[in-house]
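The structure appears right after this line, and notes come after that.
Order of writing sets the chain letters: A, B, C, D, E and F. Residues in each chain are counted from 1.
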């Protein structure tokens, strides 16, 4: 166990048993859920869920507690430092909260802090972001490039931090940036093989295809679908972004329509969210690369997360299977006994 | 109209009208179907379909016709030279057949002959075949390479001529070779981006994944599913080929099982024919590249076959849509009227 | 048979037999298809389909025929007056075309002319259009009403003539107008029963929900999907129209988003084309009324088209069944023999 | 907290902590489950679940407890008054039961009692029932009306109390009555718009369409499917009821068959339970109104149950979405920032 | 060709060519379709389809033809003797009809007559019928047996002649009887292995499970779905029959409900028409035997109909495959070349 | 409660309450799960699940406990004798483990021991195994019999103990043997009725159809899918076994291919795992018998496991329904009140 003065993770807190009752502790946690409820005596209380990357616990906070106002002000998704005392309710860890302080935006940059709170893309996001800019710059057609540039001038900061999904593939901080850069790399590698695909449109389509997710997902630490996400969906939101900036950039009607079409069709099948089926060489190409990198992203995450001693990962819903994560045996391994 | 002495295509034959009744002609055609039937008087006759790349016509041949024995000997799928006279039955072109001569294997090599009879892959098959050999040679792991080499020593000639499908994608002579080479190119381009994928296994998996189709499809000029194709399917047939040659090449058990798995899972979903879901990094990777190139193959064929004056292709069943085949307008084209 | 000088319908033309060969006739027909092809001698010819409400026939027109240029100028979907002579090719009616004259827009208004060429909504379109205007005027919220008004100022004329579908329900001239008015009537009748539904938003949603079809379907006499229809789909096209005019009308953000949502979700299920699931009271309400009137429209058309002597209609694909079209027996009819 | 002498709700009971051990209390609860089990020593005991509208708890009762016989006699679904003492087992509320007394049918009418035990339709059921009778009386065709009357003379009392579903729409006491009356209102409002629909058959079809549910669901306080519900399903049970009373009322064979058909087809699709597809104007009409009101019922319930402070409801399985429950902003709200 | 005086089959008629124009012939045919239409001159004519087991042809009959009244009186599904003269219309066989005489019920018994008109079950129907009676007699439980007996006293004659399907399995005259007897044999063979199945209920369930088809299919020579078939479906019709006769036979409520349940659930899945899922041992047992014999019936028919020279049958929709019909090679055949 | 010295079942252990804290006990249990984890202090510990047929509990074992090494050596799936002391953690039974001893293979044969640990097929496995051998011996065709014999010489011991499934039907020890014998009995009973089925091939197909499961499922006491099961699936594994031994037995190519086909197709539909659709009489026959016995196996298990006092079983996922398990009422039971 670490010293008492250092902040404890949820896993460490849950390792206490009732013998530790009353022991003071400090933690830095995300407010994952915060729902106001009314008790039968008419008083308001919060049913909250606090957690970090290692787990979470539920906590009821009545309106006469000093923590009540602090939670209310901080709000769902905020990061708070908590001073509390170990306690259990009905056998579950349920601390008495003392002081609750919301961390300022500036404090979130402390080394390792975010990484302890949420899963983060494994690649350096700074490097990904620079590579991303280079992909934009490499678009030869002026208006196409200006369209892409315009979209990221508007939503770039949010895009940079977004996960690519709530669950499924690349579902972590910077995941959207990581997935998009990976697709852009694959696009660049494959373009020489499919000369019927217009390079600028395909690359612009890849860079823009999931921008609607920067609007659909809300909260960088506790992801949920936003109002616009529920009412319009990321496909239409991304299409609208491209259209707005395409018109601003005076992109010709033919290219703009093809670019919008890539976004509208990239999900592949209507039941997966595509507004229409892919009907241009570029749209078919982008939707297939999206598919490829989404699946490979699931593979990569399972390889990172499965202990080396295990032969297979947990079952991955996106692959409908467990994944064989055990490394290949060395060349001299035995032949199959037939 | 060409001179009478040159062989006529089916399209040219069908351009005749009844004024041409009795006119002699020569054609080189494939026997697409040949079904023996019994007339009510007990006599046998053939209901046959003869055709080339430009079309086909039906023809009934009674057993007292000189053509009867010639067709019988040649059999379904053979190429025959026909001397006939123009005739019509119930308004349809229905020639009187004179002499029917089966072409020898050696005669099929005449320039343009096969190309007139069936659709052929647009790329030079000689070049594709050499590139294919180079992909085999580039496999670094000895036993993996020897396994692949062994399979193609056994079925290479058939593989080289096979279509990749009866309908859908790459459904033409050499289509299987073309599709496999295209996948190998994509694999080579993408491998640096997905270092968790074993390069030798992935490449071997790609080269072998559809080898069962060389057994499943029968007849290079009139494709149909073979008995083994119906009873086992190309997935199991390809798996069996890889297993046999892997054991011969003394490939270690771990790699052989992973190689077999790529073949067993490459169709993606059980309802599309996969025996199991892809459960190794290589298997996920190969099945996604297969998907990508299959769809792009449909795009490429539609671009080749749609007249330039048309904006869209016919509806492509594999894409659930028509394809926009019209070329991008030049840069200076007008902006969308909004 | 009518006198020779009056224009003949396709059904009347097809009633001729070969005894009528060479007989001159006149017809007013739509050019349903017009495809340029190249003969083996390099000459261009048209493979065309000409028809009216009673049927259609195919016709090949070579480029040395006087009709060639006339057809080219008129184009697919135009209405032409044809002077021809009865002829048959391979047993099928295949007239020799003489003079082909395209009718001017102004000539199309001749009484009964359009009705003979295509199926038309059974209700008087003039009355429907006035009722439609009244529904717009009755929207109480100013910006909502101005949004709707704006859309129809832009696309009203096309909307007024469009079918509601290529096949399925209300698939005839003015069908889109008819279906929308019927939905508006149902909306008005049901609103008092569902007070949680905002009347203005629901009515505006109904009037706008299918406006994208006025862009998706092209050609008032020979319907096919337009380029924008294929690349974007009517759901997104209608959403875009509403958004543009909502912004122009300064509609508040909350209402505009809800109005857009009605359009984006009205198809019900993603596999039927909905961009998102209905997630507001108004969106659920509108999508259910759409469903109800679409099905009842199929019922109404089957009742109109099935001969009185038949007990059941043909099988209706949209209902997965034949429809019992026989009228209820009079009250005194016999009881079931049990 | 209320005084000790007043009956406590389950939510209030669960608010106790171990400090309250031994505290006496009284509650009025439904026996939600009652399963006899055999301990390893051969003794019988009950594993029971007791609850009210605010929640439920499990309770094991051995056969030497005075409560054992009382529970046995009362049976699953009965309402009991319980005198107990607060206790906890393994951290969960698990009271020691003292006296258990089943409430008589007559006592259930006490004001608010049922409402505390189960969710009840929000509209006054007395008024709904009168309106329902009026809908029957308004059927003009004598035998049709007598058929409907006959069915409700047989099952009316049960129908009046039944929920319309175990889960999904109108799943609460009187929900079946409420849903049916709402459909009847919608039917009356829409009939003038669809004159091809026979008013008497449609209204009779609506009133009878779900009567099988009064047999399929058993227990007014703890709903489960009955033996007949499992073995025949509500569609066939309702059909059988209509048939029996139609024959009694001497309804003519044509009308009876059409009325039976409405019931057999109202679920729409075979996979949702329809015996056949709707194949009469009335059957199509009724099944669409059923769909509309079922969905709107889910909307209405979500609006009632979602706290005003929330923008969206929980995800509603029947709508595949959360519902935007936040009221429309006042007219002067800001425009979308575009 | 047979002598002119003997009746010709449709296959023989179609073998004529235009050289035979005007040649008189006689045929015995079924009126497969008979649709009254109105010509543009207001005259009524019949568009009819006449055929036998070897094929069919279309024939237009105007109301001034002597055949018009004869066809009208005979009606769809009747067997008629036709005197006609060979003729062709637009290249298709289209005889001029002379005298048309409907055959009396008594004439249909002529040896081979029915067999020439429609496909008939291969087993002797007399023997099948006796075996069927014996299965009824062997039911030990009195009321169960009397219920079954009652149903067949009512519909036995129709049942005996019905096909088991319009397409798919046992789709021929006596097919329903044949399929039911085959299932009864399988039931008898399997009952000793599944002692948890009540023998009398299972056998009664099998004998009754498809009796609704005797009402759903109409016309023994030209099968189509009847009004009751469309409006209720064979599952409900069979249930109703069993219920009526079960009540008459005073069958106890428990057994009657289980017997009805077998019929309601025998189709297996709701999307295949089951009203409920099988929920008794007998219902599961019967639905599995139904499945087994239906599939084996398709196998048997394909074996009968595929020429011996063919290795595979045509594709069988009910099996989703072609069937290998080639006999097993003799024991001494060669081993697989591996 | 039994005496302290006798081993206690999990159900008995869980019946203790906190008053029994510290009480010593002995149990014989299966190690159902054993996962090594790392605590935040770097120490390794096991999260294990121990259980028998009556239930299971979780138990954390640190690496300084004497039980740690014993569990490690024994491994997942082993049977261990445990000496422990009753304890609770957070209200759940969580004993302190003292001595843990793995039972030797030889000790597992003690009467009733295995039966207490896992569910076992109800029929005597010794008798089933003898009957199974007799079915092999009864195959008349020498090479077919030798093929089957060869397979079971290789995998017989594992086959004999395997369950037929992880969940669903016959999911218990010896279940695979039991299901296969039941199918063989059904096959024998049905063969006389379907003479088109080759008896030897069908019987061999049945005996071999699921042999791949003996490889796919691993661990006789704690079933999970093996590596080969995940990567190849039981269909391909069984096919491979048959192929290997068919070649060894010099089975002729025709029969071997048909035998392999039975295995490849027995799952019926590709989405249930079939490599191809059944395309021989034997393959259709075997897949239907498999279906029948699988469903009846679910029925039989539900009848065994449902208490006599219950009318219905729990919902059975494989039947999509609860099962009526109540016995038929005696003959004199009352008629339905209609």
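Keep in mind that, in the parts below, a contact is a pair of C-beta atoms (placed from the backbone, for glycine too) under 8 Å apart; a residue touches a chain by one contact, two chains touch by 3 or more.
Fair warning: this is a prediction, and the values are worked out from it, not measured in the lab.
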Contacts common to chain D and chain F (chain labels): A, E
Chain located farthest away, centre of chain A as origin (C-alpha): E
Relative orientation of copies chain D and chain E, as a Cα rotation angle in degrees, nearest 5: 180
Chain whose Cα centroid lies at the greatest distance from that of chain D: B
Between the pairs C-E and B-F, the one where more C-beta pairs touch: B-F
For chain E paired with chain F, centre-to-centre distance based on mean C-alpha positions, whole Å: 44
Intercentroid distance (Cα basis), chain D paired with chain B, Å: 61
Centre distance in Å when chain A and chain F are each reduced to the mean of their C-alpha atoms: 41
Chain F, residues touching no fewer than two other chains: 90-92, 227, 230-231, 257-258, 276, 279-280, 312, 321-322, 324, 338
Chain-chain contacts as defined at top: A-B, A-C, A-D, A-F, B-C, B-E, B-F, C-D, C-E, D-E, D-F, E-F
Residues of chain E defined as touching chain B within the complex: 1-2, 9, 11-12, 15, 17, 88, 90-92, 307, 309, 311-312, 321-322, 324, 338
Complex contact set, residues of chain D against chain E: 227-228, 230-233, 235-236, 239-240, 243, 257-258, 260-261, 264, 270-273, 275-276, 279-280
Touch list for chain C against partner chain D, complex: 141, 182, 185-186, 189-190, 192-194, 196, 198, 201, 247, 250-258, 276-281, 284-285, 288-289, 291-292, 295-296, 298-300, 303, 312, 319-324, 328-329, 331-338
For the chain C and chain B complex, residues of the former touching the latter: 36, 39-41, 89-92, 227, 230-231, 244
